[in-house]
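Quick one: the structure is below, questions incoming.
Order of writing sets the labels: A, B, C and D. Residues in every chain begin at 1.
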Amino acid sequence: MIRVGIVAVTGYTGAELMRLLSRHPGAQVVSITGRSEAGKPLRQVFPHLRDVDQPVTAELSDDVEVAFLGLPHHEAAAMTPPLLEKGIKVIDLSADFRLRDAAVYEEFYGHHPCPYLLAEAVYGLPEVYREPIKAARLVANPGCYPTASILALWPALRHHIIKPEVIVDAKSGVSGAGRSLKLESHFSEVNESVRAYGLDGHRHLPEINQELNVAWGRGFVRLTFVPHLIPMTRGILATAYADLTVEWPANQVYALYADFYANEPFVRVVESPPQTKQVYGSNYCYLYPTVDQRAGRLIVVAVIDNLVKGASGQAVQNLNLMAGLPETMGLEALGIYP
Amino acid sequence: MIRVGIVAVTGYTGAELMRLLSRHPGAQVVSITGRSEAGKPLRQVFPHLRDVDQPVTAELSDDVEVAFLGLPHHEAAAMTPPLLEKGIKVIDLSADFRLRDAAVYEEFYGHHPCPYLLAEAVYGLPEVYREPIKAARLVANPGCYPTASILALWPALRHHIIKPEVIVDAKSGVSGAGRSLKLESHFSEVNESVRAYGLDGHRHLPEINQELNVAWGRGFVRLTFVPHLIPMTRGILATAYADLTVEWPANQVYALYADFYANEPFVRVVESPPQTKQVYGSNYCYLYPTVDQRAGRLIVVAVIDNLVKGASGQAVQNLNLMAGLPETMGLEALGIYP
Amino acid sequence: MIRVGIVAVTGYTGAELMRLLSRHPGAQVVSITGRSEAGKPLRQVFPHLRDVDQPVTAELSDDVEVAFLGLPHHEAAAMTPPLLEKGIKVIDLSADFRLRDAAVYEEFYGHHPCPYLLAEAVYGLPEVYREPIKAARLVANPGCYPTASILALWPALRHHIIKPEVIVDAKSGVSGAGRSLKLESHFSEVNESVRAYGLDGHRHLPEINQELNVAWGRGFVRLTFVPHLIPMTRGILATAYADLTVEWPANQVYALYADFYANEPFVRVVESPPQTKQVYGSNYCYLYPTVDQRAGRLIVVAVIDNLVKGASGQAVQNLNLMAGLPETMGLEALGIYP
Amino acid sequence: MIRVGIVAVTGYTGAELMRLLSRHPGAQVVSITGRSEAGKPLRQVFPHLRDVDQPVTAELSDDVEVAFLGLPHHEAAAMTPPLLEKGIKVIDLSADFRLRDAAVYEEFYGHHPCPYLLAEAVYGLPEVYREPIKAARLVANPGCYPTASILALWPALRHHIIKPEVIVDAKSGVSGAGRSLKLESHFSEVNESVRAYGLDGHRHLPEINQELNVAWGRGFVRLTFVPHLIPMTRGILATAYADLTVEWPANQVYALYADFYANEPFVRVVESPPQTKQVYGSNYCYLYPTVDQRAGRLIVVAVIDNLVKGASGQAVQNLNLMAGLPETMGLEALGIYP
């Protein structure tokens, strides 16, 4: 049993980590922290976790082997060096170690507290970086939009069947905006409504671009990324568009994708357009690649649960890889439908 | 491994059974049937079950030891005698064997195909009938509203701290109305709206009344039951009201309930009003008993997931009891929040 | 054209007043205030009001004849005496002048800034107090729950066909909780969930009780009132329960209600259970009275839009009465369905 | 008062027409038809229209001057010639007269019953075809997606600031799928979920393409159009993407759009990304054009209420134009927010 800790358990990703880890047969949560709620039993903060009750403390205990950080950016980075020094491995759910280029980080997030760690951090998308993750002591858990977007476009870019000019139009449930109060997440403002946001450059844009560039391997991918907020709690659907470089029929594209992800435990290439509901509460990503024959464009639809494959589930998947456990351990749950 | 079958897997309770049983370490689903979809792989009907793919057939195979019936009433009863004769135990999710009195059944459902089985059938509410369930070959799985309503009122009636005159005002998500198409479940009719229904006598009324009478043990409980449809998919919240016979403070009532359910694996008596979201996707029932001191009334709020503790989860719980397995096996999942 | 002002236009009731009054042919909004947004054009705060743009100011201008107060309680009361002294009539949407008994007010809201005005204030429910409203200079606009609850029970209590022992179980959309940020109105906490609240005594309880006592006319009505929050933005459905004193068939009860409200412009007694969606955005109250013959109880279902008949629409109805305008002026819109 | 009739009042667009026309000061609804509900009073079908009660009949009366057709395609076309022969003008809400090319119609809808009328029919988008509409006896009311998409892209294409290669990613509420029962509109299938559909070529694709080609004026616009269904009842948000031909800053694009639509009564070019909720129940279209500077792309976000500006409201706008009434008559209502 690997001993793990959760820093800032009181956000949605923290709570989701606790839900998943409390039923994980290979990990033991030995310490959970949360400033505002320190001293309270977890059941008071999260009644759905009543049966895995554990006290919330102010400080992480020293016996953890792997720490999950659910902190805001900047705070996560600031906390990381001392943990690594103690020999504690870190899976950071913030954006602090996702961008390899400190200058890009600074443009979108401001000054980085420990840029020297950027080169060491591994981007925690197992479908792309499985082997480095196994060896890492610092994993940058991907953002929710990037997870869906990168998985949607990676095979097409890697095989150069599209031009390096893509548009990703994403639709997300509101839980992605977190548990902090803001008018944008106020029920009456969001319900029965949809809006685009981040049109000036959402923070997930450079993260997606960085990885698409890697997939493409021949320079910069010209990416437009527009996220939308829709009236549901969980789930992201990303629709990706790009011009095909060759005339490929839909079934050939399907075969390429199915082949590419054939051995992935959590990616499924499906035969009809998926719904987010099909992966609700699960760690799956369902992908549907197709071709707009009239316009000569590739379209890929990707769905994930933003709090599972888009955050805490993927973090547990990374833990499994880092700890030498079966990759799917504790993540076997199927989507909750309807 | 006990071999089980699901008849009519293509409804919501059937799909939910499949979701739960496919990850159940002590049961093996060897046969699933569904008239309209026979011959198709399950993944085509329910993409969320892609990874537990199994063909849907027209007939149940003979090697099942326990059969779950997801059929409409009448059809379930008609199918039961031949199964029992083959030595196959039955867990019926319809209403066909819930009412002990054939005359009451007839009033609400019409003629009963095999009334001689009513006396044998055990009402599958483990918190009340655990021992008989263990020995049963025919279990009538309770309705969703009855599960919440009976658990809410049982301790108070059994201890005679209230008068036998109760009102249950219940609020349900729409999945309780099933997967068959009807205007009442059409998205645009239900969303951003709430309505009462069944005011002339909902079919769950006699079922609730029957068990409340048992709890009371001194005659007939005068019950008014009004269900409401609210714009969500899963969850039932039942609010029960009754005059107290004695002046009891809220904490004493709380203690009585907590004590009554102290050893129950799936009932939790909670300290603040629960939300359905706290038990989403799980087999828990959260109960909050309190007292309206001004009016001298007991109020009990109960929440369940109508498709889990209110249907398929409870059916699995019954399977566990009937098969001598640990009662919580395959049902350990916590609520999906938020 | 009567000159009106809106104090605290930046809440939901303020915005709704502006929406209704900007299309009102007999009233002119000459001044709107809002501390936090003073100086901004209204369109920036509320883009849906783009076409009725008007600057938000810090202070109410002196030329208004009637002022609507959208302030929190205490603040509304504190602001009222100076307005009345200037000869400005007041329609207060807070709870400050709804309770006639200062001691009850103190129990639920704390010290009252100007209790001497309680006797003068008229409870602004036109169906009950039409004539006094016409003559009033201070109208206490009813709460949303009280509007639905009182209209539901008034005829039955007034005609003594029920015992003075009632239960009101109400279900409300989230906009009733206002525009201020709180975890209870955070989208991800409310969506796909339902909860009861105010079980220790919601602030609308004494207000409902006060008016039910008036209807009954023979003493105190023993009332239990439990509100529930459901995942929608607008709408209240109140289900009221009481024992009948006589055996009345449902159609006789229907006739009594239909007769009682025959001349009301905004109350409709309907033949089948209504949905909140049927009155969405309108000033109507739909009432459905029926009888649970088995249990001998009256059940009345009432639906309103909490922001219209439950707040701003009713305030405009009161304005019309006070200003000698046709009662329905500016309130002719039908429900937005689906 | 112009005398109008509604054929097939029992769908959502029919009900919405009735809601709008019943409060229209210049039109009188003299006849409403609906096969399945003929003989019933309208209040029984649509309780929200209780106060404008009118009998539903089987046949349209002959005294109507303008008929609105809410029929499915093919049926609408079949009914049109006899109406025109009687001198009754037609506003058809189906797709039957929207496509000018009978071959394209045949590809997407099958054989056309009266192709000789295609040349005469006027596409009822007032912002583009105001003058022809005024003179028309047959108006093809635009589809909901086309209304939002065409208004979003028209100025940019007409001024050639983008390449003729566009992507429209649209998100729609479920009411657009109509009142007929189908699994895709079943509440539990749609709620808490999002999906893409029509990826093989949605029927609105050729309609959008046809008008974008007109706007462009230099040949064929290479269009990809992907609609998505999101869990809300009303509203469409369309996000349009295209490469800029020149380096234009966002404010210059804004100015071009604001100027283009300066005199339009129902189009508003707004300064921040709009939400569908801002136009809920109203005839407005809010447009937000901006520039993705990094990628050199134009992005335009358009929101409408699919049942108002996207269907029945626009039909009334067309009626006003055809009847020589003020264009905004009966359509003054503001968005219902929140």
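Methods note: a residue touches a chain if its C-beta (ideal position, glycine included) is under 8 Å from a C-beta of that chain, and two chains touch if they have at least 3 such contacts.
The model shown is predicted, which means the values in this text are computed figures rather than measured ones.
**Student:** Using C-alpha centres only, name the chain that sits farthest from chain B.
**Tutor:** D
**Student:** I'd like to verify one number: the distance from the centre of chain B to the centre of chain C, where each centre is the average of its C-alpha atoms, in whole angstrom.
**Tutor:** 38
**Student:** On a C-alpha centroid basis, what's the spacing between chain B and chain D, in Å?
**Tutor:** 45
**Student:** Could you work out how far the Cα centre of chain A sits from that of chain B, in whole Å?
**Tutor:** Whole-Å distance between the two chain centres: 36.
**Student:** Residues touching two or more other chains, restricted to chain B: which are they?
**Tutor:** Where chain B meets two or more other chains at a single residue, that happens at 12, 173, 175, 179, 188, 191-192, 231-234, 274-275, 277, 280, 338.
**Student:** Based on which chains are in contact, what kind of graph results: line, ring, star, complete or other?
**Tutor:** complete
**Student:** Provide the residue numbers of chain B that touch chain C in the complex, in ascending order.
**Tutor:** Contact set of chain B toward chain C: 167, 169, 171, 173, 188-189, 191-197, 199-201, 205, 222-224, 226, 228, 230-235, 237, 239, 241, 273-277, 280, 288, 290, 292, 294-297, 299, 301, 303, 338.
**Student:** Write out the stretch or stretches of chain A touching chain B in their complex.
**Tutor:** 12, 15, 19, 22-23, 46-52, 175, 179, 191-192, 233-234, 268, 270, 272, 274-275, 277-282, 286, 332-338
**Student:** Using the touch definition up top, name the residues of chain B that touch chain D in the complex.
**Tutor:** 12, 173-175, 179, 181-183, 185-188, 190-192, 231-233
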